[in-house]
Amino acid sequence: MLETFLVRAVHVALHLTTALLLPPLLPGLIAKTKAMVAGRTGPPVLQLYYDLARLSRKRAVFSRTTTWVFLAGPVGTVAAVATASLLVPFGSSPAPLHFQGDAVFFAYLFGLARFLTVLSALDTGSAFEGMGAAREVSFAVLAEPALFLGFAALAKSTGSLSLSTMLASPGFSFSRAMAPLILVLAGWAIVYLAENSRIPVDDPNTHLELTMIHEVMVLDHSGRPLALVLYGASLKLLVLGALLIGPLFTRAFGGLLNWAAFWGLLVLLAVGVGLVESFTARLRMNRVPQFLVAGILATAFAFLLLLV
Amino acid sequence: MAWLLIALPLFAAAIAFATPSPTVRARILAVTGLLHLGALVGALRGWGTLPPDAWLGLDALGGWVLLVVSVLFLVCALYAPAYLELRPDRDHRIFTGSLLTFLAMASLLAQARHPGLAWVAMETTTLATAPLVYFNRNRRSLEATWKYLLIGSVGIALALLGTLFIAYAAQTGGLSEPLQYSRLMRESALLSKPWLRAGFVLSLVGYGTKMGIAPLHAWKPDAYGESPGIVGALLAGGVTSCAFLALLRIYAVVAAAGEAAFAQELLIGFGLLSMAWALVFMVRQADFKRLLAYSSVEHMGILVLGIGIGGNATRFALFHLAANALVKSVLFLSAGNIHRSYASKTLPFVTGAIRRTPVSGWLFLLGFLAITGTPPFAPFISEFNIAAAALNGGHVWIGAAFLLLLSAIFLGMSDTVLQVVFGTPSHERVRTPYKDTIATTAPLVGALVLALVMGLWLPRPLQEMLDGATRFLGGLP
Amino acid sequence: MLHDLLIALTMLTNFTLVATHRVQKSIQVAAFQGVLLGFLPLSMGLWRHTHVLLLAAATILVKGWLIPFLLRRAMRQVQIHREVNPYISYTLSLMLCALGTGISLVLAHNLPLKPGDAHGLFVPAALSTLFTGFLLLVSRRKALTQVVGYLVLENGIYLFGMLLVEQMPLLVETGILLDLFVGIFVMGIVINHIRAAFDSTDTLRMAELKD
Amino acid sequence: MILFGATLLLAFLSGLPGLFMKRGGGRSAALLMGSSAASGLLAALQVLLGRATGAVALPNQRVLDWGFLHLDPLGAIFLIPVCILFGSASVYGLAYWDDHRENSRTVRAAFGVLAGFLILLTGAQHAFTFLLGWEGMALAAFVLVMAEDRDPATRRAGYVYLAATHTGTLFLFSAFALLPKAAGGLAFGPWTPGFASSPLGSALFLLFLAGFAFKAGALPLHFWLPPAHSAAPSHVSAVMSGVLIKMGILGLARLVAWVPDPPIWWGGSVTALGLASGVLGVAFALGQHDLKRLLAYHSIENIGIILLGLGLGLIGKHAGSLPIQLLGFGGALLHVVNHALFKGLLFLAAGSAAKAAGTRDLEALGGLARRMPRTSLAFLAGAWAICGLPPLNGFVSEWMIYLAAFQGLGRPHALWSVAALGALALIGALALACFAKAFGAAFLGEARSPAAVEARESPPSMVGPMGVLAGACAFIGFFPVLLGRPLDRAATQLAGAQGPPLAAMASLTMLSLMALPLLAGAWMLVRWSRGRSFREGVPTWDCGYTAPAARMQYTASSFAEGLMRGMRWVLWPVTAGGRVAGFVPRPRPFSSHLPDLVLDRAAEPGLGGAARGLGALRFLQAGHLPIYLLYVLLTLLGLFVWMVA
C-alpha cells in the first residue's frame, strides 16, 4: 500500500518536474536541428533558459491602451497549459490527475489559453496584433474538430474518455485499430504544427509582421510577461507532444525506463519538428486551411474505419 | 314575457322618435339596453319549458343568440351617448329609432318559432339597419347603403323562396300549416327531400348573404367601412348573428330530416371559401375598418365551418358566435374612436394610435389579438376546439386548411394593425379634438373583460343552454 | 286552366322586361306582372278562402298600383327615362333570359311536385321570373331599373308562394307584402339621395368603395 | 404550492402599483419582482430537493376545460433561471429604462406579466394552461420588443416576432388538438406505448417540434430572434434570450418525458436541428456588427447545443441506454440554466455599454474596458462562460453533452454521436473567435468614435445585477457537484427511469478540483510578473509606425473576415465597394453585411411575393354592384347545379 503510494509519488514528482523544467529545451533542440541541417552552428540548445532568466530580470513596458487583460494573456496561457499538463500521461505513466472525460477538459484548457492570448493581443489596439489574433482564431476553428475527432476515434477503440487510458493503453495490441491509430496520429501531427505555430502553418522566426500569426500577437510584451509567453509556447510543445508520443509506446515500460523512453521520444519529436521545418516551405496563408482540413479528414476517416 | 322583449324596444323607439332633446334620446338607448337585458335574463329561465306549438318563445338556441345580441346592444348603447355627443351636427332621431327597432326585430327573430315569421323579422332588420349605414350622409356612405340595401334585399328574397320551398316540402309530405320549427323537426321523415335540399340551398344563399359569407359578402366591407363604429359593431355582431340563427333553424330541420351530411358539405365549403376570400383582402389592407369587415367575413366563415364539421365543433361555433360578437364590438368601437381622432381610417395617415388615443389604441390591439385566437380570450377556446374537432373527427385536411388560413390571416391582419397602433403619429395630420374618455372606452373595456372571462369560465346555466342549443342543431327539437 | 294562361303571360312579360329600353315601360310591365300575380290565386279556384281574397286584393293594390306609383314618382324626380348602355346588350339579354327559362325547366324537373298537384308550370315560371329579375339587376346600370329587377325577382318568389297560398298564415303573407313595400319605398328614397349626391343614378359611378 | 402561487402572483402584479404611482414605480416593481424571485427559487429548490408538493386544479367544466398547475422537477429547473434573471433584470431596468421614458410604466407592467406567464408555463400541466402561458408570454414579450416603437426597425422586428410566434403557436394548436389521441386527454401525461411510432405519432412529433423550435429559435425557424433581441431594451433581451426561448426547450423536454419509446429518427432530427442551429448560429454571429444582434445569434447557437443534448438523450432513450440519456438530458437542462445566466449577463453588459456609448455598432465602440471596468469585466465573464471555457459554468454543461456523445460512440447510431462531437468542437472554436472579436472590438483597444470616448461606468443598480449573474456563473462553474442531485431528478423525469448519479458519471467533483491549479497558477504568475517594476503610458508598438490612430485598429469585420470568407458558400455575405485601382488609389468605401439566410432571403421575399399574388385577386372586389349581384346569382346557380349533379 505504502509502497505503491511512494512509487506513485515518485512518478508524479517526475511528471511535474518534466512539465516544469523540460519545455524550454524543446525550442532549443528544434533550432539546433534546423541550424545543423542548414549547416550553421546555431544558438545553444539551452538558449531559451538563458532568455527566460534574462527576461525575468527586465522591466516590463505596458502600452497606454492596455488594461489588465493584457497581462491575462501570458499568465492565462501558462496557467492553462500547465494545468493541462497535469492531465496528459507522459509515456505510459498515467497523469497525476485523470478522470472520465478529462480529454475534453484538456482541449478546452488550450481553448482558454488561446482566448486569453487573443484578447491580450487585441488589448493593444495594434493593427498587426489584431491581424494575428484573427488568424489564430480562424485556424483554430479547423484544428479543434481534428483534435476532437481523434479523441472520438481513440475513445471508440479503447472505450475510455480519459487521456491516461486512451493514450497509454496500447492501441497496437489489436491490429484492427492499427490503421486508424496511424491516421489519428497523422491528423494530430498537423494539429501539433498548427497549435505550436510551426512551419508550414506559421514561421516563428519570420521577420515580416504581415505574415506572422503567433509572433505578431505578442509583439507588445516585454519583461516577465514576455518570459511567460516564451515559456508558455515551449510548454505547449511539450504537452501536446505528449499527446503524440503516448500512443507510440507499444507496451508499458516499468518505472524509470518509461521516463527515459519518454524523454527520448520527446527529443526525437523536437528533432522531427526541426527537420520538418528545414525541409518544407511555409504555406501561403490561404492554403493553410486546406492543410488543416487534411487533419480533420484523417481523424474523421480514422473514426469511420473503426465503425466498419 | 315574449312580447315584452319585442314591445319594449319598439315602445322606446317611439318615445325616442318623439323626444326633442338629443341628450335624453341618447340616454333612452342605454336605459332600453339595460331593461332589455334584464327582461331577457328573466325570460331565459324558462327556455326549457317552451310548448312545442307556440308561435313565439325562447328556446336554448334563440335564447343564446338573443343574449349575445342583447349584451352587444347594451355595450353599444352605453357607448352611444358619448359618441352621439361627438357628432352634434347629425340629427339622430332616425338613428336611435333604427337601433331600437333592430333590437325589437332581433327579439322577434330569436323567439319566432315559425320560418315565415323569422323571415319577416330578418327582412325588417335589413330595412331597419339601412338608415344606420347612411348615418354619415355623404357620397361614400350613400353608395354603401345602396349596396347594402340591394344585395341584402336580394339575398333575403332568396331566403324567402327557400322558406317557401321548405313549406312546400312539408306540404308534399302531407303536413299542413302551421308549420313551426319543432313540428317540422318532429315530422321530418315526411318532408320531401329534393324540396328540402333546394330550400336549404336557397336559405343558405339568402341568409348567407345577410351573414356575409363569401362570395355573398360584397356589401360588407362597404357598409362596415362607411358607417360609424357603433353601427359596424351592431352589424358585425348583431345582424350577422340574427341571420346565422335563421340559417341554423333551417339547418336543424335539415339535420332532423337526416340530410345533415349534405348541408355540412356546403357549409364547410362556404366556411373555407370565406376565410380564404377574407385573407385575400386583409393582406395589405390600408383601411382598418374594411379590415375589420373582412375579419367579419372570416369569422362568419368560421361559424359555418364549425357547424359543417359538426360534433363538438357545433357547440363551439355557437360559442364563437358570442366570442366574435363581443370582440368585434371592441374592435369596431375602438376603431371608431381612432377614426374620430385622426379623421381618417387609412394607413399612411393613421399611425401611432397608442400615443394619440392610448386606451383605444390598446383596446384595438388587444381586440385584434383576441379575435385572432389568443388565449385566454374567448375566441381562442372556440377556434381551438373547432380545429380539434376537425382534426380528430376525420377532417384532417379541413382542419389543416383552417389552421393555415387562420395563420395567414393573422399575418395579414397584424401588418395593418401594428402599423395603426404603433409608431409615431404623423405631424401633417391635423389633430381633431377627440380624446379618449371614460364614456367612450369603458363599455369597450367591459366587453373585452367579458370576452376574457368567457374564455376562462362560463356559468353553468349558460353551459346548459349551449348544450341544449347543440342538441337542437343535432336535429332534436 | 286560367291560371296556366296567367302564368304563360307572366313568362312573356319577362321577355318584354328584358327587351325594353324605356324605364317607364319597364315599370308598367312590372306592374302588369304584379296584377297578373294578384289574379292568380283567384284563377286557381280559391274563392272560398277569405284570406286569399284579401291577399289578392292587397297584392293588386300594392304591386299594381302603390309600387309603380312610387317608382314613377322616383323616375320623375331623378329625370331618367331611358336605360342607356346596359352592361349586356338587349339581344344577349333576351338570349340569357331564354337560357334562364331553360335552366328553370331543368331545375323544376328535378323537384317533384306534390302528388296530384296540377300546377306544373308554377315552379319553372317562378324560377324563370327569378332569373329574369336577377338578369335585370346584373345587367342594368340605372339604379331605378335595378329596383325594377328586384321587384321582378320578388314577383318570381311570390309566384311560387301561390302554390302555398291556401295554407300560408295571413300574418306571414301580409308581413311579406309589407316588407316588399317598405323595401321599395326605402330604395326610392335612397335613389333620390343618390341623384342629389351623384348628379346621376348611373351605378357605374358608384364604385368608389373598392379594394 | 403556496410558494409557487405567491411567485406567480407577485410577478404578475409587480408592474401594477407602478401604473398608479407618480414616482417610485420602478422600485416597487423591482421589490415585488425580487420577492417573487426569492419565493420562486425556494419553490424550485423544494421541488428539486425532493419535497413533495401539491397541485392546483383549476375548475374543470364541460365547455371550458382549463387544466391544472403543478411544479415538477423539470419545471423547477426552468423556474430557477426565470427567477434569477427576472429578479436581476428588474433591478437593472431601474436605471436602464428609467422613469423618464414615456412608456416606462407599460414596460414595467408588461415585464411583470411576462414573468408571470413564464412562471405559469413552468408549472403548466395541461394543454390549455400551457397555451395560455405560451401566448401570454409571447404577447407580453411583443409589447416589450415594441418598447421603442418610434424606430421603424423596431416595428419591423415586432411584426416579424409576432408573426413568427403566432405561426409557431398554430403548430402547437394543431399538436395539442391531436394530443388526446396520444395521451387520452388534454392533460399532460405519458403516451400510450407504441403510439410514437404510428403515423399520427410522427405527425404529432413534427408539429410539436416545429412549434417548439419556432419559439426556441432553432434554425431555420430562428429568423424572428435576431431582430427582436436587438430591438428590445437590453434587460428585456436578457430575459427573452435567457428564459423566453427556453420555453421551447421546456416544451420539447415535456414531449420527451411523455414518450416511453421514441423512434430513432426523433432523436436524429432533434440532433440534426441542433447541429444546424449550433454551427450556423455561431457562424452568423461572427458576421454581425451589432453587438446585440451578435448575442442574439449566439442564442441560436446555444439552443443548438441544448438540442444536441436533448437529441443525444433521445437517441439514448431509443437505444435504452440510461447513461447517455442522463448525461444528454442533464447536460441540456444544465445548459438551459447556464445559458440563461451568462447570456443574461452578456445582454445586461452589452446594454450597459451601448447605453454609455450611445451605439451598439461594434465598429464605433472600443476601449470601454478602461472607462467601464466593471461592465467590461462582466462582459468578459459572460464571454468566458459562453465559450465554454473552464472553470465557468458554460463548460460544465457542454462537458456533460460531450460525455453523452462519447458514451454513444460505442453503441449503434454512433454516427450521430461523432457528428455531435465534431459540431461541438467546431462550435466551441467559432464561439471563441466570435467573442474574441466582440469583446476585443467593443472593450479593448482604443475608442473608435467620439461617443465611445465619453462613455462612463453605469450606476451600481446596473452593475450589481451583472455581478449577481456573474457570481452565479462562477458558482456553478466551481461547484457543479451541488447540482448533481437536482439535475438527476429532472433528467430522470425525462428518461423515465432511475440511473447512476450524474455527479459520479460526469466526475463533477473533479471539475472543482481542476479549477484549483488553474486559479492558483494564475494567481502566482500574476504576482510574479508584477514583481518587477514596470513602465506604463507608452504608445503601442506598431512595427515602427510612429503615430498609431484609433482608426488604424483591426476592425471587428476584418477580424471575422477570414472565417467569413471560408464559410461564404453557406452564409452569403454581401459586400460593396472596396475595389482600389491605380498606383496611388483614392479612398474607397467598403461595407460588408450579413443578411439573415431565412428572414432576408426566404421569408420576407416569399411573403412579399405571396402578398403580391393575393393582391392580384383584388379585382374580385372592384366596387360594382351588378358584379356583386352576379356573385349571388352564380353562387345560387352553382349550388343548384351541384345539387342536381
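As written, the chain order gives the labels A, B, C and D, with residue 1 at the start of each chain.
Please note the rule applied: a contact is a pair of C-beta atoms (placed from the backbone, for glycine too) under 8 Å apart; a residue touches a chain by one contact, two chains touch by 3 or more.
What you are looking at is a predicted structure, and each value in this text was computed from that prediction instead of being measured.
*Asks:* Which chain pair shares more contacting C-beta pairs: A-D, or B-C?
*Replies:* A-D
*Asks:* So how far apart, in whole Å, are chain A and chain D when each is placed at the average of its C-alpha atoms?
*Replies:* 35
*Asks:* Can you compute the centre-to-centre distance for chain B and chain C, using the mean CA position of each chain? Integer Å is fine.
*Replies:* That gives a centre separation of 30 Å.
*Asks:* Go ahead and note the Å separation of the Cα centroids belonging to chain A and chain B.
*Replies:* 77
*Asks:* Centroid of chain C to centroid of chain D, CA atoms only: how many Å?
*Replies:* Each chain reduced to its C-alpha mean, chain C and chain D end up 68 Å apart.
*Asks:* Going through chain C residue by residue, note those that touch at least 2 other chains and give them in order.
*Replies:* If we look for residues of chain C contacting two or more partner chains, we find 107, 110, 134, 137, 146, 203, 206-209, 211.
*Asks:* Which chain A residues reach two or more other chains?
*Replies:* Not one residue of chain A touches more than one other chain, so the list is empty.
*Asks:* For chain B, jot down the residues that touch at least 2 other chains.
*Replies:* As it turns out, chain B has residues touching two or more other chains at 146-147, 150, 154, 158, 198, 221-222, 281.
*Asks:* If two chains touch, include that pair; go through all of them.
*Replies:* All chain pairs meeting the touch criterion are A-D, B-C, B-D, C-D.
*Asks:* State the interface residues of chain D toward chain C in the complex, per the touch definition above.
*Replies:* Spelled out, the residues of chain D in touch with chain C are 618, 621-627, 629-630, 632-633, 637, 640, 644.
*Asks:* Taking the complex as given, what residues does chain D use to touch chain A?
*Replies:* 366-367, 369-370, 373, 376, 380, 384, 387-390, 395, 399, 402-403, 406, 409-410, 414-415, 417-418, 421-422, 424-426, 428-430, 432-433, 435-437, 439-441, 444-446, 505-507, 510-511, 513-514, 517-519, 521-522, 525-526, 528-543, 548, 550, 552-554, 558-563, 566
*Asks:* Any idea which chain C residues touch chain B in the complex?
*Replies:* By the definition above, chain C touches chain B via 107, 110-115, 126, 130, 134, 137, 143, 146, 150, 153-154, 156-157, 160-161, 163-164, 167-169, 171-172, 175-176, 179, 182-183, 186-187, 190, 193-194, 197-198, 203, 206-209, 211.
*Asks:* Please output the residues of chain C touching chain D within their complex, sorted ascending.
*Replies:* The contact residues of chain C facing chain D are 87, 103, 106-107, 110, 131, 134, 137-141, 146, 203-204, 206-211.
*Asks:* In the complex, go through chain A and note every residue touching chain D.
*Replies:* Its residues touching chain D are 56-67, 69, 71, 74-76, 78-80, 82-83, 86, 97, 99-102, 104-105, 107-109, 111-112, 114-115, 118-119, 122-131, 133-135, 137-138, 140-145, 147-149, 151-152, 155-156, 159, 161, 209, 219-220, 223-225, 228, 289, 300, 303, 307.
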